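Next come two complexes built around subunit A: one with subunit B, the other with subunit C.
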Partner chain A sequence: MGQEKYYSLKNVIFLIIIIALIFFPYVADSRTLTILMTQVFIFSILAMSYDILLGYTGIVSFGHAMFFGIGAYTTAILLSMYDNTMMIFLISIIVGMIFTGFVSFLVGLLTLRLKSHFFAMLTLAISGLFLVVAEKWRTVTKGNDGFTFRAPDLFRDRVFFYFFVLVCLVVAFLVLRRFVTSPLGKVLIAVRENEQRTRSLGFRTLHYKVIASIVAGVVASLSGSLYAISLRFVNTSVMSMDITLDALLMTIIGGVGTLVGPIVGSFVIEIAQHYLSGLANDYPIFERWIIFFGMLYILVVIFFPKGIVGTVYVKYLTWKSKKSRPQQPKQSVPLVKDKERLE
Partner chain B sequence: MDLFINLFINGLATGMLIFLLASGLTLIFGLMDVLNFAHGGLFVWGAYSGIFAYTWSGSFIVGILGAIVTGFVLGWVTEKLIITPVYGNHVQQILITLGFMLVLSELIKVVFGPNGIPVEVPSYLAGSWEFGEVILIKYRIFIIFIGFVIFGIFQYVLKKTKIGLIVRAGVMDKEMVQVLGINIKRVFLFVFMTGSAMAAFGGMLMAPYSGVIYAEMGMEYAILGFIVVVIGGMGSFSGSLMAAILVGLAGSFMAYYVPYLSLAVNMILMAIVLIFRPQGLFTNAKEG
Partner chain C sequence: MMNSLLKLDQLQTHIGQYHILQGIQFEAIEGEVSVLLGRNGAGKTTTLKTIIGLTPASHGKVMFEGQEITKRKTYDIANLGIGYVPEDQGIFKGLTVEENMKVAIRKETDEVCEKQAYILELFPDLKKFWKKAGGHLSGGQKQMLSMARAFVNDSKLLLIDEPSKGLAPIVVEKVMEAITEMKKKTTIILVEQNFIMASRIGDTYTLIDDGKTVHSGSMAELIGDEELKRKYLGIG
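Let's turn to the complex of A and B:
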């Protein structure tokens, strides 16, 4: 597609959205909305990191929660053991990242040799073991009851925390975008499309998959640290299967294989969760709001089979190609990334 | 020795229950290659509707039949509405079946109420036989017996009958079977319905065993079912049976001897199997 222009439509839209988000806490009068948006950003980071695995490398992991959980626990434990200063918090993020990097390296070496289903189940098993460790190592983690801790004083101010997380999200987005557009990222996409052929071209695919797993794990650890701060509380639920499933669903709903998709997905899911459960207070029919939530998943698969962003993007491309070159509809076909992701 | 026998019987019974659940999953996940997370939902619906029929009629057999019928009907609905659009696409299967799972388990709360329902063992299966220190609980023996019968039936149908042949051929090469003039879609629908009915049946038998049923039990047991299918080797019935028994026995012995590991035992078992024998414990095929 050639060199990307600085003033391309995409970049302008990004800029507008970021400016809108900067003014958001001053426009929205309620604290709840600011906290909700902070939550959306945190899960966006998690879902983006998951998309490195699912969307770009084409591997389904059921163990992403362990990286998230390690980040959350590292921050919580360091902050409660030492002082609740900003310095300790930043150190805890770094420590968490190094630790997850190491763990994901080992886990990756161990698991990534296996094919689709087997890999997924093995990551499920290993993250299950981490959950058990968190539950049983009571002297450090306080088990299922969890523990509260004091966040750095600056984060008392929810608006400041909002901006901090927003900056993290933007940085993570830019870094990951650089990562996936780099030559290394291209190899990952090649692995997703056809691993055997990539290997026969001379790439050691295992190495690349391990690198993808490390990058995904490190970024997930960042979101875990932020999550712990946002709750000022941590318990074993940060390691649970639910976190992995949330990341998975956000990625699929938004659109796999794009970095914007996971952000959109996490926005849709968090907002839907918030408002549907809020409706339950007013209308008794929404007391079982999870039903509507489940229907949302089903409807997304039927009407947006490539995720929201993916479907919109394909629509946009066909519209554009129709407009510019009406004779060549096939030009847009290779961009449709509906290859089977698991095999 | 007595303790050993007791633990062995307990583990075997638990293993058989897991097998009943996993046998449906072996059909759906192992043979048809559909990642069906709604399987646990069918399991819970089987338990609830079976218990409903059981308390309404007073007969345990009617309850079992009720569960199986519910399983068939729900299996039909699931296959038609949920699975047909996403055959062959695992990512979408995960999303859509998880959504359906949420719908199913929340509908349980709408229809039957959000609280757990206590269940009693029918009178002729209650109680136990005692031989010295060895206590054989009748219901557990009953479950073990049923498990082996189901296993025998499935083995026979899949290996010796024409329909089994068609199913196995369809799994190998869908288009080829279609070319031979067999409506493979209908065959897969039938297989899916059978798998769902097995899940519902397993749920119904599980209900008196655990003594109480609740809407969230589906997901817990579904994960156990996936573990068993993977350990046993995809699509292998005898593998699933052995793996289910292994999981049941390991759970029962570990809970007694090393209780603090009992939470992790399934995960450890699965991790070991996948690292050293990814093609499954009880298959000969060299793939994985």
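Let's turn to the complex of A and C:
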């Protein structure tokens, strides 16, 4: 199968999935499922943004929740300060993205010079700093208690919100796909593979890493804004380490460096989280469903380091190469060793 | 008149606590292939890495086209027109052959396209696996790709580190052909253990031992000097 055929097949599959998702709220006819799928879409956007860092640039960040939290707080604060109109909501998304872009630029410039483990620790520290600010700046954030706010009236209809988030997911996916397949995206992959070598080709790698950090931050802010709307409530948990770990888990389970992987990962994690915690009523062990996630994480890292999508892709490539390999003629003459054995 | 393109003056480099280069004296003349020779661990690769700025010098000077580049960043040095083909080939495994080539090309001109067409004729394997990921290539194919990436750009100086390492003789022949072709347009500093190959391509040599320059001169002189070859290269 040629490369063009492969891409057209991929596009057809995407189209089928999108059509299925369009009909989903009408077929499922369950408010809970619609809300659950909306959460899946929101976390897919977050996980895709994390994939830009981890999968395409090789940056392990422990502070990604900071960008998600900035988006969530910006939307919540603006909607509670002004009217709960669609216009204010859209403005809040843009303001959140601009602010996040600025913060990720500064954080990137300060931290991305460091080696990966130092960078990871520093992002954790800076993210912790933002969390403390959110806790202490009570006049604006209401601290740990958080605050509720009114979402735009249009979002009272959960199906409408479902479609709004679905559109955001599709747009974010297409934009990020364009980004990673562009020449700039290829340089990011080169940085991930071998930063020294990329530098010796004349690329100022720090600049490219900062660009990746800004793109990832901005997209994470979008998912934060949508998350705040889905809950109509925000508190400091949006900046907690759990959010970053969720994004990391979704990306690794789905498959790093694939963009589709994080979407699959967030689907698996969100659905599993929902049903496992639901089982707690009958089986007390499931009250600790997080243990199963820990086990799942360990198993995936050991047995499927490429994640679900990565593993499927490798299997597909193996199948394809086997298919294209000419058939070996049946062995008619026994090997020397076989002959010796016969004698 | 022979123009000096690159000059190393009493170059010293530390890697961590180790004093690797302890005084390298070397000059690359424009249009020539200068070969760095020496035993394993003598400091040949570190010399190339110091020139390109990957292991910065602790003392001494690196002069390129009359300006000092000792303290410059790697990307800056590369943008001055110095290409580097590392020992491990430096292929980006996650990128296809095509993408590996595109990332390496500084400016896509007609001449670059012509050069690319030529190199693909020379290494037809690259054309065959054009859409294949770099990580799926064999050792020889990776070396071909590495050489091809260096060849397509208009580098003023090329640093090539052990291009024949671990390759089948037929591939070595092709790599030599590519270097011979590169030689027509650019100055080359070559690190090579295979003396037969080095002597066929090189114009001048510099012998490095224990991080110091011990001898230099024309390749023809070295070929005739059995004592020197036996002492420093273990040949003869």
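Going forward, the second predicted complex is superposed on the first by the 315 of 343 C-alpha atoms of A that agree within 3 Å, B and C clash if a C-alpha of one lies under 4 Å from a C-alpha of the other, contacts with A are read in each partner's own complex, and residues count from 1 in each chain.
Methods note: a contact is a pair of C-beta atoms (placed from the backbone, for glycine too) under 8 Å apart; a residue touches a chain by one contact, two chains touch by 3 or more.
These figures come from a predicted structure and were not determined experimentally.
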| item | value |
| --- | --- |
| First, second, both or neither for A:L296, with subunit B first and subunit C second | first |
| Which of subunit B and subunit C A:V187 touches, first, second, both or neither | second |
| Touched partner set for A:S200, first subunit B, second subunit C, both or neither | second |
| Broader residue contact with subunit A after superposition on the shared chain, subunit B or subunit C | B |
| First, second, both or neither for A:I229, with subunit B first and subunit C second | neither |
| Contact footprint of subunit A on subunit C as seen in their complex | 52-54, 73-75, 78-79, 84, 86, 90, 92-95, 99, 102-104, 106, 131 |
| Residue ranges of subunit A in contact with subunit C within the complex | 3, 183, 186-187, 189-190, 192-194, 196-205, 257 |
| Complex interface listing, subunit A residues touching subunit B | 54, 60, 110-111, 114-118, 121-122, 124-126, 128-129, 132, 135-136, 241, 245, 248-249, 252-253, 256, 288, 290-291, 293-298, 300-302, 305, 338, 340-342 |
| Parts of subunit B lying in touch with subunit A, wherever the complex brings them together | 82, 85-86, 88-92, 94-96, 98-103, 106-107, 109-110, 223, 226-227, 230, 234, 260, 263-264, 266-268, 270-271, 274-275, 278, 288 |
